[in-house]
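Each structure below appears as structure tokens.
There are two complexes below, and they share chain A, which is joined by chain B in the first and by chain C in the second.
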Partner chain A sequence: MLSSLLLKEWLKLRIFFAALLLLNFAVCVKIFFDIRQQMHSEHAEMVWYQVIHIHTIPYTAIMYMPLATGLIFAAAQFVPEMLGRRMRISLHLPTGRNRMLVACLFTGLLLYLAVCCMDSGLVFLMLRTYFPMEVAWSSIPTIAPWIIAGLLSYCGTVTVLLEIAWPRRIFLLLVFSTLCLVLFSGTGYGWFTPALWYLVGLFPLALLSVFESGRRFQQQGAK
Partner chain B sequence: MNQLLPFISRYSAVILAVLALSYGLPAGFDKVFGQKAGNPLLFYSPLSEKFIYRESLGGHRFNYLDEDGSRYDRPGFEAQLPFLYYKNLEKKKLLPVEVAGHRFDKQAIKAGKQGLEIKSRHLDGHHQQIELYPLFNNDPEVSIMPFPEDVFRFTEKGMEFINADYNRIDQELTSTFTRALKEKGFVFPATVIGGKTTNLKPFDEGFFIRDKSGQVFHLKRILNQPAVSKTGIDPTLDIQDIIISENRRKEFYGTVITRTGDLYLISYDNYRLIPLAIETYDPSQMDFKLLINPLYANAIIGTPVMVHGTAMDTSYKVLCNYDLQRLDPTPAIIGAARDSLFPFQLCFENPYRGQAAPNLLFGGSWSLVGIIIAGCCFVLFTKRKKQVVNKGELAVILVTGLYGLLAISLIKKE
Partner chain C sequence: MNVIEVHNLCHKYNGRTIYEDLSFTVPEGSICGLLGKNGQGKTTLVNILMGFLKPTGGKCLVLGEDSHELPPAVRNRIGLLHEGHLAYEFMTIGQTERFFRGCYPDWKPAIFYDLVNKMGLSSQHKVGNMSCGQRSQVVLGVIMAQNPDLLILDDYSMGLDAGYRRLFLDVLHDFAGQGGKTIFVTSHIVQDLEKLVDTMIFIDQGKILQTGLSDFMSSFHKFSFRNGDVVNFGNDTVLSGWEQRGDHITVYSFASQTEVADHLGSLGVKFKDLQQKTMSLEDGFIGLMGKY
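Here is the complex of A and B:
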């Protein structure tokens, strides 16, 4: 049953996965050509100075991509289920509600993380090509909060979509929006480094809160 | 697990809601009701030999006062500080000016002035910094200061130069500089690296580098060759950072700051350290400013509630101190309302850090009143609906006040 659920989610997401992979790749390619152009048009040492000492981030084009990716994956998985209340059919499958939700979330998050790994890896390689290793490493803690924002946007969208009561839906939307907003504050590379582990802690809380909306949907909404 | 999951799941959402509310609501409140005053400007007047200051009342309104409480208008305030506002005096053709029996023309004032500002958020360990630095090449025949085509880093084995054009280690420069440092007794790696990384300075004094054994070395690059001096600065000093500030007065290279808050100027006189007796300075949470004029040196340190001024003579002997309380233009009732509504605030920004500093800022005694009101509201609403008060939910509200009340009420248990 579990493999069938995973297959169902994969079939639902594969087009979106391919499109998002391509879109994220295109943004990375743009960043590569931007850096290359800057290196050729300006003195390389001045570009290094801007990046190392002025804290200019040459890969800000990728900043909101994880957030958008998380949102699109969640919407692609759950909007069709909620339209026409098709989710009720899934809840009648011979498997538990939580098990079914785990399968959905596992598929969505796995594909989301695959896209984010590609983004981080490509940015790291691009920076390694034109900058010293220290600059390439600094991209990891810089991108990490944006990836966590994407995880929150994914879990938040699922939670809000599964929620049945409008006041609670709006409140949860505000809560997840605020948390995502926090993750885009600060300036320069590695701004969130001292707080990174606290931010990582938001993900399990966001993931667990999906199950409360799932429970409420089955008990009250799927009648 | 199936019985426990709804509980864990609901409280996860409640915790997220409390975190989001404690971040967003106080920030929104401050945006609407908060009034910010600019930093007060505190100086030592060489005419009255008193501290004189300008404090902001908010909305472009200022008080001009001295330490005795005498009021000034703006021209009167500026007249008390002839070394600071000498350009006004020049326009009014009032130069040269006589101060303490000496006459000062424009050149004399300019030659005797120097300013140095050290913000806590720029100190080593208070912000993210990739440890790669440009070492400017001093060429006496070139008037401008071009950026070097390489940056250096310190490793366990030596001083490495990386060429920016090829993104490769420059072996020749690396071995030349590493050898020169080793010959002077440098023990790798470096523990503190201090230098000004911009070319917006009158000349270059290179870097002051503390080695593994605590010795401080002065390193310059002259015609692409190393010039290394062992400074003899006390190796037992627990140096947090070295701030270099090139100035044409050439009295000192910059400032040494220790982790215990001691401040020293590194003199051009054979690297002799000049102690600055600023006892209340704490580099972890205070900014420091040193304003030098032809007659006095004026040290200012700022905290969120106080500004502390120290007047010194030209040999940095303390003459007098003055503490100025910062003015908070926010009405007391707004402060009380804020504390009542928000028992704590989740904050990531800190004015003394150049990176995130996660912190919970707790409100004052009014917060307790707010928490009790939130708890009472919860009990009353619950009883009105003829429901039993859940002790766990009440406990959440008694810890988190309004945040908990909103979270528990909107993420209800059915």
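Here is the complex of A and C:
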């Protein structure tokens, strides 16, 4: 059963996964060329001053990529399920509703994290090429809130798509949008680091909202 | 043993009462057809039976379990065809088989491919690029290969031409012939059900009439006569339904020809050439439920 569910999700996601992997890679390459050009066209002291002293992050081009990636993965997985309420096919399978949803979320989140790992890794390697190791390491806590925003956009989109009542949909949309906005509200390296682990600890709550919307869809979604 | 039991079912949607105190049973091994005009709640009933809707009152048991909390082991025994032949359109035929094979322990790939190969399509053919009839064949293959004990078909004939409908009937007939298999079916093509079902449930304005096919066909009658006037029987207690085309009038009734003749006389309706006609199930359906 599990392998069948994973197969279904992979079939839906594979084209989007390949496209987003390519797009994210292209953005990382652009960042690399931008840094390289800056290094060649400006004095090293000036670049150092901008990047280290005034916290001009050289990889902001990637800031919203995890958000968009999470949103697209969620839509790619669940829009086909909502069209004609096809989710009822999966809900009739001889397995528990939550187990089925876990398989869906696992696939989506795994591929999402694969894209994010590639982004983080490439940014790290680029920074390591031109800057001291400390700058390269600082990219991890700087990118982390953007990745968490992507996780929230993924869970939020799935929850909103599964939800059957418009007032609840709008409410959930507002809640998840606000949470995502908070994660983009700061600037500078690792500005969110003090709260990061609390946020990671609270992330499972976002998953619970998916299961609740899934329950509501199964029990009332055929209207 | 009853495979489906509905007790005092009530359901409302947007303030409108769909059912009130609906009760019926479907015994094991029977082929039961649910008939009703559009908007009478046939699909709603299927959705309630499959746990996709929570009724406002009453209880539904499917294979002995509350329909609202069907455990996976029970769902494993139910083949469900959704209205519109719902299928995953992003999958190919081969991927569809692979997907469902992993879901059902009793999956019979030979049954699936036997039905699907009749279309002469490659296993790489995408379900989303198929016609309605071809897609219905894939869905039929899926539910048959599950080897279920109970088949629930929600308007299987929707969008199908005569060939595909006949194919469905052939397959369902063979399935029922295995013994111990139960079919609960709704369809808009009433004449198809005449060749399939042994029990019928007529649903109209939240009320039902459950009857055996042969009982209904032998106790409900179609009569015709000629009359130059325009007639209107309203809500008559003897005549369940009536139709008029020119001076040719058809009436439907559970009463005998003599009783109908006496009744027409008592109503002051002039009639010529009153005679009983051969009645199809579709005639009976119109006579009992009306056209609108």
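The definition used in the following text is that the second predicted complex is superposed on the first by the 220 of 223 C-alpha atoms of A that agree within 3 Å, B and C clash if a C-alpha of one lies under 4 Å from a C-alpha of the other, contacts with A are read in each partner's own complex, and residues count from 1 in each chain.
Rule of thumb we're sticking to: a contact is a pair of C-beta atoms (placed from the backbone, for glycine too) under 8 Å apart; a residue touches a chain by one contact, two chains touch by 3 or more.
These figures come from a predicted structure and were not determined experimentally.
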So in the superposed three-chain picture, is A:89 touching just chain B, just chain C, both, or none of them (first/second/both/neither)? second
Return first, second, both or neither, reflecting whether A:219 touches chain B, chain C, both chains, or no partner chain. both
State whether chain B or chain C is in contact with more residues of chain A in the superposed arrangement. B
Which superposed partner A:114 touches (first chain B, second chain C, both, neither): neither
A:53 contacts which: chain B (first), chain C (second), both, neither? first
When the two structures are overlaid on chain A, which partner does A:4 contact: first (chain B), second (chain C), both, or neither? second
Looking at A:159 after the superposition, I want to know if it touches chain B, chain C, both of them or none. Which is it: first, second, both, neither? first
Is A:80 touching the first partner chain B, the second partner chain C, both, or neither of them? second
Can you give me the overlap between the chain B contact set and the chain C contact set on chain A? 96, 219-220
Which residues, counting only chain C, touch chain A once they are in their complex? 13, 44, 47, 50-54, 68, 72-73, 75-76, 78, 80, 82, 84, 86-91, 95, 98-104
Residue numbers of chain A touching chain B in their complex, please. 43-49, 52-53, 55, 96, 98, 129-132, 134-135, 138, 159, 167-168, 171-172, 174-176, 178-179, 181-182, 185-186, 188-195, 198, 202, 204-206, 208-212, 215-216, 219-220
Chain C contact footprint on chain A (complex, rising order): 1, 3-4, 7-8, 11-12, 80, 84-86, 88-89, 91-96, 218-223
Of all residues in chain B, those that touch chain A in their complex: 2, 5-6, 8-10, 12-13, 15-17, 19-21, 23-24, 128, 130-132, 134, 147-151, 153, 162, 164-165, 167, 197-198, 348-349, 354-358, 406, 410-412, 414
